[in-house]
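Letters A, B and C mark the chains as written, and numbering starts fresh at 1 in each.
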Amino acid sequence: MTDRRLSAGLKVGAYLAAAVALTLYVVEWPQDSLVARLVTFPHVLALTGQHLAIVALSSVLAILTAVPLGLMLTRDWARQWTPRVVGFVNVCQTVPSLAVVALAVGLLGIGATTAIVALWLYALLPILNNTLTGLDGVDAATLQAARGMGMRPGRVLRRIEVPLALPLIVAGVRTAVTVNIGSAILAAFVGGGGLGDLIIAGNNISRVQVVVLGAGLPMLMALIVDALFDVAAEETAG
Amino acid sequence: MIRFDQVSKSYGRNRQVIDDLTLAIAEGEICMLVGPSGCGKTTSMKMINRLVEPDSGTVLVDGRPVNSVDPIKLRLNIGYVIQEIGLFPHMSVADNIATVPVELGWPKPRVRARVDDLLALVDLEPGLYRTKRPRELSGGQRQRVGIARALAGDPRIMLMDEPFGALDPLTRAKMQDEFLAIQEKIRKTIVFVTHDTDEALKMGDHIAVMRAGRLLQYGTPTEILRHPADTFVADLIGSRKGLKLLRLLDCGSLMRQGAAAADLPVLPARATAEQALSEMLRCGCRSVAVADASGVTLGRLDLDDLIDRVARDD
Amino acid sequence: MDFISFLVAYWPTLIQLTAEHLGIIVVAMALSLALGLVVGIAISFSPRAAAIVLGINGLLMTFPSLALFSLLVPVLGIGSAPAIAGLVVYTQLPLVRNVYTGLTGIDPALIEAAEGMGLTPLKILWKIKLPLAWPAILTGIRTATVMGIGIGAIAAYVGAGGLGVLIFQGISRNNDAMVIVGAILISAISILTDRLLARIGDRDRS
């Protein structure tokens, strides 16, 4: 386990170093003066911060809504509907992220809030899906045994159901966060900022360096999150 | 027909799986390979159709070393029933059976006729089973289809790896009887793997007893029963040797020809001596009458003859 | 409201953009499927090559599509070419992975039975492995196609056309009806395609 942590730590370090190196390279050796004016260290840092903030806020909101919703929808009175809800959520998951962002714009107008709301809704789906599947998959005999020993429903939930469903819930969060890091690029279209700004700017002035920087940073961000979730998956599985 | 000549095989450095195996199997015979799990039965068998290549020594079929024959050609002419049956789940029963004939390029009508013949041979109504998928069959029916598939290209050699392994004892006994009846008609050279000694004694013309990659004894069932090579073989055969010997003899060959008293129980000539003894014990008589298939009395079998014959070593 | 009037005024354009979008998807999927089958089959013979190819594919997946499309424009020009090329890249992973797992997940006893009966490796691939892997391959096609429909919308930003045009033009012209219609159309096409391919899969299975 410590081995895993160590290797995850090394990976995270390597990706961070790569991100810094990539930024430094563009800042120090810009293609031309246009790039030099556009890409400065503070600017890149600010966009990265915005990107992270959008992802973090929408993901936390998604966890805080999807998990309780999943818990509620798997109580006895609703359990018979669980497969159908999962089916519905699965259908919703096929809706592309750009469509969700666009719908949010149509309803809320332009701005960072729009981006966060859109990504929140989009991240909700995988988490809810996995929470439902995880809780629904807890062996009925195990639940019977727990109840038979005199555990109250709340205790059964906390001590049996959630721990058993946790690996799947974490996997759902992992999917949601990873997808969100990519989707947050679309925030740039709705005035939400983030690293998508760099890609769009690079595209508008046709500077490969800027586009690559705008693409490379979220890519490395996704890799870092992936390495961290490797550890989380290990911990919750054991 | 099939010969193993000082064949050895190991996996990795010190995993000797087959150790200097020499064995000759005659044409038209059933040779049973018996031995405990992991002793190398499957591995030996797979060397015949080159699914496994020996490290040293040669395997010969019809006097030709198999490694001088193109493996595809070799395999198309050797029927193979694997331990797990391995019917193709996406093909109908008919298509499964037709696999090798199609590879051999037979014309369609001939393939279709062959499939129906084989289904009838293994006692599956062609009209009913042709179009079924393997998952719609019972375990015993799957085994039958597996055997039909192996017979399809009319190979002279059949390799059968525990073909009845997954069956309940009743179905198993029935399949054994049916298979022996089929073999009466088709006279293939058959290598048959089992780890059930009774099955080996019942079905084999010869039995090869293996242990840890070595051949311990090769002989007819009677030889193995009467003169086990060592304590391992003796233990493998187990107790009640006398009764097992009775099982190897049939009434037709033991009886005295001529008339028999009308009140004696009647047994067919194909019945085993064990059945005759059982019949005698049941009715409290010392003889049974032996009749042919149409019920005409052929002769009489006495208890004393039976005892003499089993006790006599020949 | 202006929603209705938008639909009334623009329906021919909507149909044209939908056709454009589907056209790009069909061409990209056909190319991607051909490539994915070849690659998936090739790596099914070597676990090491599979690890490398799937790893590279996974890495490519995290590369933002907007950036890839933008980088492809100078190479392939404006229009559907960069969109198709980009879509082929992004749809490779689900296709290759499913072809690979489908081919390698087959019961080894079946392969052995086929080998033992004297089928050549090519025949085994064609008659046994591919038919048995087909449900998995179809799932890959479904995942890839639905993903491609969404990513294809982003390609409109670099001038590839398709339904994404409604969203990007709608945003820049501040036309909410246009944005919403674009979003709904793309969502509807995604869901319908997913259901359709799922139904084909169910039918094949029975």
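The rule is short, and it goes like this: a residue touches a chain if its C-beta (ideal position, glycine included) is under 8 Å from a C-beta of that chain, and two chains touch if they have at least 3 such contacts.
All of these numbers come straight from a predicted model, not from anything done at the bench.
Least step count on the touch graph, chain A to chain C: 1.
Set against the C-alpha centre of chain A, every other chain centre is closer than that of B. Core chain by CA centroid proximity to the global CA centroid: C. Between the Cα centres of chain A and chain C there is a gap of 22 Å.
The distance from the centre of chain B to the centre of chain C, with each centre set as the mean of the Cα atoms, comes to 53 Å. Centre-to-centre separation between chain A and chain B, using Cα means, comes to 62 Å. Residues of chain B in contact with at least two other chains: none.
Across the interface of their complex, chain A is touched by residues 59, 62-68, 70-71, 73-74, 146, 149-151, 153-154, 157-158, 164, 167-168, 170-171, 176-177, 179-180, 182-184, 186-187, 190-191, 194-195 of chain C. Put simply, chain C touches chain B in their complex at residues 107, 109-110, 112-120, 123, 128, 131-132.
Remark: chain B residues 46, 49, 51, 71-78, 80, 82-90, 99-100, 103, 149-150, 159 touch chain C in the complex. If you check the complex, the residues on chain A that touch chain C are 91, 94-100, 102-103, 105-107, 110, 178, 182, 185-186, 189-190, 196, 199-200, 202-203, 206, 208, 211-212, 214-215, 218-219, 222-223.
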